[in-house]
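Everything below concerns the one structure shown next.
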Amino acid sequence: MLKELKREAYEANLALPRHGLINLTFGNASAIDRAKGIFAIKPSGVAYADLKPADMVLIDLEGKKVEGKLNPSSDTPTHRRLFLAFADIGGVVHTHSSHATSFAQAGREIPIFGTTHADYFNGNIPVTRKMSAQEIGGGAYEWETGNVIVERFKKLDPADFPAVLVNRHAPFTWGKSVAKAVEVAVAVECIAHMALMSLSLEPKLKTIEPALLAKHFKRKHGPGAYYGQPGHC
Amino acid sequence: MLKELKREAYEANLALPRHGLINLTFGNASAIDRAKGIFAIKPSGVAYADLKPADMVLIDLEGKKVEGKLNPSSDTPTHRRLFLAFADIGGVVHTHSSHATSFAQAGREIPIFGTTHADYFNGNIPVTRKMSAQEIGGGAYEWETGNVIVERFKKLDPADFPAVLVNRHAPFTWGKSVAKAVEVAVAVECIAHMALMSLSLEPKLKTIEPALLAKHFKRKHGPGAYYGQPGHC
Amino acid sequence: MLKELKREAYEANLALPRHGLINLTFGNASAIDRAKGIFAIKPSGVAYADLKPADMVLIDLEGKKVEGKLNPSSDTPTHRRLFLAFADIGGVVHTHSSHATSFAQAGREIPIFGTTHADYFNGNIPVTRKMSAQEIGGGAYEWETGNVIVERFKKLDPADFPAVLVNRHAPFTWGKSVAKAVEVAVAVECIAHMALMSLSLEPKLKTIEPALLAKHFKRKHGPGAYYGQPGHC
Amino acid sequence: MLKELKREAYEANLALPRHGLINLTFGNASAIDRAKGIFAIKPSGVAYADLKPADMVLIDLEGKKVEGKLNPSSDTPTHRRLFLAFADIGGVVHTHSSHATSFAQAGREIPIFGTTHADYFNGNIPVTRKMSAQEIGGGAYEWETGNVIVERFKKLDPADFPAVLVNRHAPFTWGKSVAKAVEVAVAVECIAHMALMSLSLEPKLKTIEPALLAKHFKRKHGPGAYYGQPGHC
């Protein structure tokens, strides 16, 4: 069932350690079939080397397991929360990539310091508020993790900001496809690394000028985009 | 004799440079057979490329060589001390991995700043006190290294804190199996790297809230654990 | 047409991710045939793994596409501006390599702290001024990017300073051949990394003494050069 | 002639980029035959990928080329100076490895903060004084580079301190064999990296206690050494 979707999710999960975003089994990727309302996600705690496409677990938007012998990732409710709230996304990626996670641990947004960042985000990469003890310990921790992300996006468009840092935790990214979410995860780690170094050079560095942000973000996104090939997302 | 045990220790030793935890011949791993009271450990100063499973040296808990043509690792008495003190561990790993060693050199615990850390440790990663000149020069340096670790764990459970930083030296990690001890060694290096960067962003950063620590640590450990697959340690 | 030129540009583009200078599709390289006034450049937004020599797009010095099915890199006008202004260069490389970009984002020159730097540059690696909102949004952003580089070189010889940091953006490098421009891109990243670390050791570190700069730069460049083999550029 | 010596020097040169100590053609290694008074050294500016054992250039202790079609490394006089001054060394390695070079650029010794360092050095890794304009520009720059190293070792034993940082330049290392000099070059880079990070955690960190230094250095060197296998240097 949904063989192609499982393959897409599988490929995305394998891409994470290959890009150096994942150590051990930290992290997971999922892809959704919007027509069917079903997403494919990595099983929990299985080593990347042992993963097969058929191991991907199928979950519906009510959180019910539709197919799969293994337990889904423990972060499944967070993925589900994002698929429900962000209607246009086709995939979600979660990593503990080192530099991005350092900002998350410090509870800091990643400030937009250059055009690499502006090619992907329409401003700083947002960070959630800390979760309350009740949200953490109340029995639905991973779902509540999704809720604090959604709360943070009340006034933000997920297409303008395709990633978030969960406070004290790590980044989640998304995109029209799970492959695009992987690309954003690579970009976020790279952007975080460079922001950290720019801050070490200039601790009071200001974020980029609005004209440059608008130019770079729109060069790649929206009706006037001219980066890439026609038909290329 | 104990071919499987020697293979386990051998695999663990080879995993260390593959994970980037080891340069040159720094570091060693050992695995114990509790029933027989014998552990297998890397020989001293042999290049990883030349290592064979049969090179592993078998040592009993009195420190006597049971089998092996080569000298065991000079750190063997430290491993033995840990096997004696921590009854539930099946393997010990020692590395000089760069970021973790930086904390050890500075005599600093690794503060718990996020969920990556809380997935493995029930608090900060402890550091030993400095060793005295007598402990260092008295003829049993490596045994005394084990002693300061054991002393540091007087009120700590080694299952809650599966690693320690030896002051001025480097990390030791352990686990139910030597493979698990390798996994912890990878995690410790990654956690140390991220802690260093979070501290560079926020020099006065506080450690995580108790509810988040409890949630993540218990998600993976103890009776209520739900991370991974059933039966998966 | 110009098969050899396209191969040169292709090889240079592939060298960028291999040297770790490029993530995703950030960055591009071009090579010019001065006799014909035509340069070969990477197509826009094509993954490196999919690139073929025949995909290189041929552009003339008026900016007209001479051959190629794909859109050229969106940075093509910047390359063209540099080929027009710097008559002796044969290739241009643009990367977002992490350490060099950190200086660009901070709007800082890379100070010359040692002989590695002096082997390639006759002083600090220059940074452009920030671009105005009019230059950014006026419809010729990439051409204006070239203009601020050229403006910065009013009193500098591009042979003495084979790279520049575009403020808030990233490095461009050049050389007699595009292969040399790749070599400089590798050197710039390495130099930036070391400068960042030297500054973390000594925030007020002074740049090197004129005699040492002159010696190292001239050891490799100009009539008295004696580094390398005779006939070797 | 001296085929084995050339192979040793060749292998050592190739080991440098493999260990990540060298970018481009920065760096060189040489091995000496003490009986014949001839050393084999890398040719100047030849890419590592193109290097063959037969390309190694043979030089005698008066600096005369004995065999070889290519120009020897421009750093040849520095190697020769060290072979003349340090009678017990069999090989010399020069790299621009990033972290060690950062200390050299800052004119700072690498402080001894832990046992990794003490396994190789009997104290801080020394740095030379800055060279005078006369030494730099007087026509024998590379020989004078050797001279400031030798001057720095007036009261130091090169066996106790098998490396030096040349101020504003980069490290030189040595050993009984060129393979040992490569090993020290790997260790120096690793030690420098960890010292930099320990300093970022504790800017006023003190160097290690004398007893610990003595223990670790003597565990590996001198009559009481017990690290490694018997007969293993």
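A, B, C and D label the chains in the order they appear, each numbered from 1.
Everything below uses one rule, namely that a residue touches a chain if its C-beta (ideal position, glycine included) is under 8 Å from a C-beta of that chain, and two chains touch if they have at least 3 such contacts.
The model shown is predicted, which means the values in this text are computed figures rather than measured ones.
Enquirer: Fewest touch steps from subunit A to subunit C?
Expert: So the least number of steps between the two chains is 1.
Enquirer: Is the contact between copies subunit C and subunit D built from the same residues on both sides or from different ones, judged by whether over half of the numbers are shared?
Expert: Under half of the interface numbering overlaps between copies: different.
Enquirer: Farthest from subunit C by Cα centre, which chain is it? Let me know.
Expert: Looking at centroid distances, B is the chain farthest away.
Enquirer: Only C-alpha atoms count here: how many degrees separate subunit A from subunit B in terms of the superposing rotation, rounded to the nearest 5?
Expert: Result for this pair is 90 degrees.
Enquirer: Averaging over Cα atoms per chain, report the distance between subunit B and subunit D in Å.
Expert: 32
Enquirer: Just give me the whole-number Å value for how far the CA centre of subunit B lies from that of subunit C.
Expert: Roughly 46 Å separates the two chain centres.
Enquirer: Among the residues of subunit C, which ones contact at least 2 other chains?
Expert: Correct list: 200.
Enquirer: When you check every pair of chains, which ones turn out to touch?
Expert: Here the touching chain pairs work out to A-B, A-C, B-D, C-D.
Enquirer: Within the complex, which stretch of subunit A touches subunit C?
Expert: Going through subunit A, the ones touching subunit C are 113-116, 119, 183, 186-187, 190, 193-195, 197-198, 200-202, 205, 208-212, 214-215, 219, 226-230, 232.
Enquirer: Inside the complex, what are the residues of subunit C that reach subunit A?
Expert: 23-24, 26, 43-46, 70-71, 74, 96, 98-99, 101-108, 130-133, 136-137, 141, 168-170, 196, 199-200
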